[in-house]
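Chains: A, B, C and D, in written order; residue numbering restarts at 1 for each.
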Amino acid sequence: MIAELRERIENYSYLGPKGTFTEAALALAPEAAGKPWRAVNNVPEAVQDVVEGRSVGAMIAIENSIEGGVTASQDALASTPGLRIRGEYVVPIRFCLAVRPGTKLEEVTTVAAHPVAYGQCRRWLAEHLPAHSHLPASSNVASAEQLFEAGVDAAITPPTITEHLPVELIASDLQDNHTAQTRFVLVGMNQQVPEPTGRDKTSIIVELPEDRPGALLEMLEQISTRGINMTMITSRPVPDKPGNYRFVVDLDGHLHDARVADALLGIRRFCPKLIFLGSYPRVGVVLKQADLAHSDERFAAARAWLASLEAEDAQDDRASSPSV
Amino acid sequence: MIAELRERIENYSYLGPKGTFTEAALALAPEAAGKPWRAVNNVPEAVQDVVEGRSVGAMIAIENSIEGGVTASQDALASTPGLRIRGEYVVPIRFCLAVRPGTKLEEVTTVAAHPVAYGQCRRWLAEHLPAHSHLPASSNVASAEQLFEAGVDAAITPPTITEHLPVELIASDLQDNHTAQTRFVLVGMNQQVPEPTGRDKTSIIVELPEDRPGALLEMLEQISTRGINMTMITSRPVPDKPGNYRFVVDLDGHLHDARVADALLGIRRFCPKLIFLGSYPRVGVVLKQADLAHSDERFAAARAWLASLEAEDAQDDRASSPSV
Amino acid sequence: MIAELRERIENYSYLGPKGTFTEAALALAPEAAGKPWRAVNNVPEAVQDVVEGRSVGAMIAIENSIEGGVTASQDALASTPGLRIRGEYVVPIRFCLAVRPGTKLEEVTTVAAHPVAYGQCRRWLAEHLPAHSHLPASSNVASAEQLFEAGVDAAITPPTITEHLPVELIASDLQDNHTAQTRFVLVGMNQQVPEPTGRDKTSIIVELPEDRPGALLEMLEQISTRGINMTMITSRPVPDKPGNYRFVVDLDGHLHDARVADALLGIRRFCPKLIFLGSYPRVGVVLKQADLAHSDERFAAARAWLASLEAEDAQDDRASSPSV
Amino acid sequence: MIAELRERIENYSYLGPKGTFTEAALALAPEAAGKPWRAVNNVPEAVQDVVEGRSVGAMIAIENSIEGGVTASQDALASTPGLRIRGEYVVPIRFCLAVRPGTKLEEVTTVAAHPVAYGQCRRWLAEHLPAHSHLPASSNVASAEQLFEAGVDAAITPPTITEHLPVELIASDLQDNHTAQTRFVLVGMNQQVPEPTGRDKTSIIVELPEDRPGALLEMLEQISTRGINMTMITSRPVPDKPGNYRFVVDLDGHLHDARVADALLGIRRFCPKLIFLGSYPRVGVVLKQADLAHSDERFAAARAWLASLEAEDAQDDRASSPSV
């Protein structure tokens, strides 16, 4: 019944309201195009939508988020059985100054902004609006909505705000850091791993066994001895277990690559608390090709060799063939 | 002149206003007790105070912050030459509901809260104040200040708010996650490394050379072959260098421990972009003792042995002593 | 036909003549008991007997031999396709002084001895027969045969000589080194790997790929990451390839132990010149138990976990069962 | 007194008699040219000459010897305190057929030969002298001396025999293996390490601590993390300690190379039974250059960096200089 229901459900959840960076990330996901989107209040709510079948996918921030939620995302991935990453999406962090159409920069005295966004644009504000006052907003979109309330002249918002509200952008790239970007992942409960595309990554979470000194290095060796490149690693203290760590790790390659499957087997053996978060196409170019020595062909050749070690009868058959 | 000025400066900067978790962390630092504190707007501003000599120290969040700034802190540590961590402080994340004295919970209709704090208390709010409306605040302290404006009945604040404002707490532990805590570090420009206490940690940032496959494992082996325990590792993309990573790493031990100094030498040799952030007392117990094989005594014994390999003349002198 | 012939052939070859340490080793092999034994002149001849079907097994020295042949044995194992070690046997190196019955030590003036054996007993000879003269013999048995020629009073021989010749031993343990022993292996062409006994070792020869720096360490990590203990390693220059090495390696464990098979797969992938020499019961106690983390059970559990990662339909079936 | 005596002693000991491969190796050592040479009976005797001051050097076989002694050499190096390798010398193993001048091959019926040499030439003998009989000799030189006794027509000897005896060589390259060679080392008690030549190797013997699982890999990592190439490794059971091993290891590089000294320090710390056997010029070309990352310059730069971490006062001095 739930499975049937799930098939009919097509919602995607994201940290709302409309106009957030998270929504911009969701707009990059082809599978969400044309489907209903649910704006929710925070990451746990988005994940819960997926777990309880209200949505088939949730877009959550996993790295460098301006809208918060990275820690919540990591903890949700570590503690929600069955959750899988379906794809990753990267959104540059850019802020604009939005006004009611016609307002000029010199007329601005009060700026509505989410406190975190406000903190990211201080340098620009100090230079261009040294005398402004700040009105806090609950989100990067709510700030623009406040333009239509009394006493607000400008709002700090993402560039996409003009798709949602009748506002005008009179300045852009207000943020201090011009290369910042947030990485998001789209998560679902569907366990079918997508086919390899040739430029995939695999995400795992490993909680190291506490009784095993050197376990981190042992874990990393399981990865490196298969010639696999690691693109991210973050340690996180395990809640309620002082001194224990789990590691969120991204690997180059796909579960269907023999070297990746073999590395997961190697980690799983000494480290039963291994969570497979998914294999999915990575954003950006793959910088390092896997060594030929760790190709699927080599795995197959090695297995064939191992099998041949005991193929005694076959060999004896050849030896005793009529032609001898 | 600057040095003299610095001696007279005793300010400590922190993310204000008074009443933030960052201020609570600063209150834990013995060296800041009784000195003037400067509340600033964000992490880069706090760090800049130190760099430019306005303060001798800045308290900044380095892990799991509710007030933002972790990424900014890591980037400031990576890009500010000479910055040193002087100590670490851990503050539990706890939120209370503050009201004007006499207000009862059932009278509350509007709640002022920093959007991130608000997001952390949704479960409690849904249960106890299902019908409230949210007024965003620019900080966890500004929310309480709004109690004295029209239309606000309650504010979400840290428990310390009562030290700063004449408010009453009518509920506590509102946060969804009851074990959350933020780790802060106190940074300064003073290069003198504090004496070892026996329970120290050492923080470094390593930017791996891009032309060296397996460099991460090589770096970690430099640590593990000296028997050093790693307590945190986080990869961060290097701004403007796609595919390059720097790693923020915490090690058990002090720069004055021979094994730690030797590991830094080992990393520095193949990885010139190594930043030493400091050795300082760690919070909490040390869970793993360093192996005897990596003790200072062993380092000294090995060096004496190496020196003896060429002490030919000394041996011949003994051999040709009068008694022979 | 060859196969049929082989079944009827029961010979065992060894470095003769009767009475050598190699024959003593062959006497330890249960499968050779009661079968015809062929004394041959050297290790290559013994191996050739097996390759060409004249014998089912050959006993050859592999470590510390007093009778020569270790290098020849290693080279034969490396260059003879299909050769397999069936078992190992350790014989202590002990020399006696044999005489014609009735001869007394003080009557001995000429000692027949194989030059290598003679070199091992110089201390005893200098003490007990300071004035003797040495007559070289072609083997440790030929020396005793010379007792029945004119001019030889005594012979240096293994203790087993009395089983072959009517001689008397008037002194024993003549050898300078009282703990020396030779390790032998029994080799054959039978590819069927014997069943594990719980105290097995596995021998391999690995020729490292020349284009891969760090290949030796990579090879050893394939062994160590599976928790396998290595009991012997010897590098040997590859004939005609200056600067290339092959390594003769003994591992604790059996090919049927999942961790050993997996390690061989790992080595084989980057190092195609891997020769499996056999899994066979080891002599002596096993000193280190394999870690539980590398047990067959863990390998099976890890594989089951890997398989479950894509068992989506099975899980959905459960989810959509009638009871829901 | 001993030191003075030593200065006057110039003897070099070798496994005699004149004409052995060991003597041929000694002829390659420039420092032995023109000095008196002592022919001794075996490796321990040669080493004892050095220990007790009768010789300044002893040439002993260390790999692949046709004249025996490799095991004895390794054990002497492991158990003789103060012994140092001064140089290595490689001699190809070639055997000739020597006769009294005028004898023709077809006249040969009896061949004198050391049994080991005889074993190495069986193929040639089977082809060219199928009906000969073998008379054992005590060395590869004694065989030729027997030509002047009744009943011996030919002798198997090294090519250099004509320098010592009035014999004629009527066939050469009799040995089955045409690429065989023996590696010798010249050992002494002089602890002064010779200056680096740029193509040096360093030999050590390591007895692993028994209580430390994974000690072999840990030892090898100390070598590999400094970018050092290992050119030989051989495990040897420790006499009287079942299950314990020592490893004879050759490294590319010289004790005066910072990376080699640092690797020895690293091994020495966890493995006190480390014997330094010497740094000396290697035979043959160096195939792999050490990585720049492990150059002396990098070691120096890293140490300077480490020192600078605490050079607080120096920096403050600069900061407070009059010009500021």
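To be clear about the criterion, a contact is a pair of C-beta atoms (placed from the backbone, for glycine too) under 8 Å apart; a residue touches a chain by one contact, two chains touch by 3 or more.
Being a predicted model, the structure only gives us computed values, none of them experimental.
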At the largest C-alpha centroid distance from chain A we find chain D
Per the centroid of Cα atoms for each chain, what is the distance between chain A and chain C, given in Å?
-> 55
Indicate the whole-number Å distance between the mean C-alpha point of chain C and the mean C-alpha point of chain D.
-> 25
What whole-Å value do you get for the distance between chain A and chain D if each is reduced to the mean of its CA atoms?
-> 59
Please list all residues of chain A that touch 2 or more other chains.
-> 221
In contact, pair by pair, are chains A-B, A-C, B-D, C-D
List of chain C residues in touch with chain D within their complex = 41-42, 44-45, 64, 68, 71, 75, 114-116, 118-119, 122, 134, 136-139, 142, 176-177, 179, 213-214, 216-217, 220-221, 224, 230-235, 239-240, 242-243, 245, 247, 284-285, 287-288
Which of the residues in chain B come into contact with chain D in the complex?
-> 1-4, 190-193, 212, 218, 221-222, 225-227, 255, 261, 264-266, 268-270, 272, 274, 276, 291, 293-294, 298-299, 301-303, 305-306, 309-312, 315-316, 319-320, 324
